[in-house]
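Each chain gets a letter, A, B and C, in the order it is written, and its residues are counted from 1.
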Amino acid sequence: MSRLLRAPSREVQRGLIGGLMLLGGWEAATRLFKLPAYVLPPVSGIVEAIVERRAALLAAAGYTASEALIGYAIGCAVGIGLAMLLALFPRPRRAFVSMATAVNSIPVVGYAPLLLLWFGTGIASKIAAVAFAVSFVVFISTLSGLDRVDKRAVDLMRSFGAGKVSILWRLQLPTALPLIAAGMRVSTVRSIIIAIVVEMLGAYGGLGWVIYQAVMQIDFVQVWAAIFVASAISLLFFNLIGLAEWKLVFWR
Amino acid sequence: MAAASKTSDGLLLSGRAILRLVVGVAAIAVVWQASVLLFGIRPYYLPRLSVVLEALAATPDAYIASLLRTASETLLGYAAGALFGIALGSMFFHRKVLKDTLFPMFVVSQTIPVIAFGAVIVLWFGNTLFAKAVMAFYLTFFPVTVNTLLGLQSVDPAQVSLMKSFGAPRRQVFWKLQFPNALPQIFVALRLATSLSLVGAMVGEWFGDTVGLGVLLLQATYNENVVGIWAALLVAAALGTLFYAAVAGLERKLVFWRVER
Amino acid sequence: MIKRRKVLSALGAASLVAAPYVRAFGGTPVKASLRLKWLPQAQFMGFYIAAEKGYYRAEGIDLTINPGGPNLLAENLVATGADTFGVSGGTDSVFAARDKKLPIVCFGIDHQITPFIFVSKKDGPVKTIQDFKGRVVTTWFTGANYVLEGVLAKAGVNPKDVNIQPQQVSATPFVEGNVDVFTATLYNEFYTLEKRIGLANLTRFAAEDYGITVPRDTLIVSETTAKEKPELLPAFLRASIRGWRDAFADQKAAIDLMMKIAPTLDRGHQEFMLAEIKRLMLAGKAGDEGLFWIDPVAVKTAHDMFLNYKVISAPVDLKAAFISAPLESIALADRKV
């Protein structure tokens, strides 16, 4: 499964070629059609702006990344923990899943104002939003993963006198790992975006805050610069989790 | 099928399930109403459920029209995103060069907070229902692609070689072995994508629209109408749950061979 | 069928009311759109009434009103041609747009004075502008923060001595006393404050009292439209003014229409809003010069402040950015309320 991210040099090369083609095409299009910055600024201009404002952007990126990371860690722990609890005590499972789904179907942007009200304009509201969204994805993924276990293997373990906990730990969890990992990986990117979106609605710092102000002050290059930085940290995060995941599976 | 019902996460349409659902909803309603009254929670933090329901009843047409509008945007974007995601995942599985070249870019595309690009969406897609569906599509296709690819990759290679050794063509190996085996994992993404597509549609409505749950939410938020926020959230939650249940139901029908615990 | 009949009757009405203009556009109405800065509400009442009553049609414009939203800039959409007209942020956003080389011009201003003010609670610690020192003041960091700094500077208070923080959507932190000074839009937050604290319990600090002003809600159009279809601008202004006059003359009917367009709005708030908007639109020079007046002195004052705070990188050519000719082509009697 982790072939996706094992990234031997050949894959990295191809990825880089793809990325370069995109950026090259972008730059060429803006120059060829003389697009004004409010439609699409050239890549070179955006990179220039990033270099020029690196200190402010780096600070904002650090702010957003820490919100996303803390929220992500809490979300993963809660999601996996809850799914394991339900695997051990399945009675309230259906009611719980239905309720979680109902709550999760509410867009972050919808309850963000409520979170700001409850947790304040600081980083707590962003961490809560990220943790919330991540925990749901990881929870559903883990639950589905735990279900995948072969019933015969369970019966076999049970006939050897293995308890629920040991079946969960030795059999179900290892089987579930690929799905848990997929959920965790998809959540990396989401966590950054959610932090940014909530920041846009009210914050003391961060990339979303920078983007919101730049949009309002019609500074499109700044918007793009912040988005480039956001993409870069998302990508870094995504690949770090992918790498960690591969190491874990490899080690097994 | 009877066995499948045991592990399903969705809602079952059996009498007992409906009863349980009604009891569950009623329990939440009672807890909500009672806790607001008992703990004296101020309405700016959490209004009483009865007040929220009154708001819904006061202008039912507005909420129904918005529900229908948002539901069609969501469904349209979801259907397109699901099909595209499955196709893309399958293509990446078969053509490694394409996967290596394009996949990182799709990852990057998902790291862009589209909410910052309202103007671009309007420029490209106008003020149409289609523009909102595009947003739903954009959020839907990625998890489906990832899970399709992972699902296909996790098929036992021994079984694949076995089928091939019997002279089965590639197409047959895909449809008879790999795809069915990947289906459970694909469905995990399809279920998760239900709420993502709803989010996409509602955020899409923030880019200048008059009807839709996203519009109602926005209006209520900025007017500090907490009751209005909750009313819109309640309708959105109902739509999201129903949608999720429908996909989970489809999953039970299609993935009935899923190994039982 | 019904639609066609509607169109025909509208055209019939048009030929009676404003035959010359319809002829000027060659008989068929010109398709155009107006991008608002926010969702439908009484803030834009006049435009909705003019559309509903067919005033734009009578002027030969087939107008679609497109609502706005967060992160959606009217300047951007008008500059790219996605929308013909826009009710944009204000003089501040027009400066910023021109500074960023967006080809838009302003041809009318809704709110003649700053539509937001700073408020503190009468029973709180802030009684005068000097008391801002060391207190928590929240404001929007999208322009209002410069107005605040300007006011403080004029009063001799160093903004660095004030704990200025970004303001969130909710007024609750202010109501509960966690924030000492709050920025309130006269037609929005003021309504919330009226209901939760009572306006009588507030001390107000208006920018105008400190020689600062930022007229807002600007009517904008692209340079291309202004150059290629100049007749469209007075036509749009005439119809809009008729709509606003009707809105002010019969506020109940106006709010009835708004509640039909957006039934989930709070009627009390909309009535409050329309009354405040009327005050803002008729303030300053608009009393003598009529609706949408562009007061060069006020515009210059706002411009100099934003230039001073380096929000704009260089002076904006105000004569090119703000054009009064379309408005002045309408007889003064037809502009006044």
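In the analysis below, contacts are C-beta pairs under 8 Å (C-beta built on N, C-alpha and C of every residue); 3 or more make two chains touch, one makes a residue touch a chain.
Not measured: the values here are computed from a predicted model.
If you draw each protein chain as a dot and join the dots that touch, every dot ends up joined to every other dot. Of all chains, the one whose mean C-alpha position sits at the greatest distance from that of subunit B is C.
The pair with more inter-chain C-beta contacts, choosing from A-C and B-C, is B-C. Separating the centre of subunit A from that of subunit B, both taken as means of CA atoms, is a distance of 17 Å. With each centre defined as the average position of its C-alpha atoms, the distance from subunit B to subunit C rounds to 38 Å.
Shared interface positions of subunit C, i.e. residues touching 2 or more other chains, are given as 70-71, 73, 76, 80, 169-170, 172.
Among the residues of subunit B, those in touch with two or more other chains are 44, 115-116, 123, 206, 221. For subunit A, residues that reach two or more other chains under the stated contact definition are 39, 113, 117, 200, 215. Looking at the complex, you find that subunit B touches subunit C at residues 44, 55, 59, 61-63, 115-119, 122-123, 126-127, 206-210, 215-216, 218-225, 228, 231.
In the complex of the two chains, the subunit A residues touching subunit B come out as 1, 3-4, 10-11, 14-15, 17-19, 22, 39, 93-95, 97-99, 101-111, 113-114, 117-118, 137, 140-141, 143-144, 147-151, 154, 178-179, 182-183, 185-186, 189, 192-193, 196-197, 200, 208, 211, 215, 223, 227, 230-231, 234-235, 238. Contact residues on subunit A toward subunit C in their complex (touch as defined above): 36-39, 113, 116-117, 121, 200-204, 209, 212-213, 215-220. Those residues of subunit B that touch subunit A in the shared complex are 7-11, 20-21, 24, 28, 44-45, 97, 100-105, 107-108, 110-113, 115-116, 123, 142-143, 146-147, 149-150, 153-154, 184-185, 188, 191-192, 194-195, 198-199, 202-203, 206, 214, 217, 221, 229, 232-233, 236-241, 243-245, 258-261.
For subunit C in complex with subunit B, the residues that touch the partner chain are 35-36, 38-41, 66-73, 76-77, 80, 82, 169-172, 188-189, 192, 261-266, 269.
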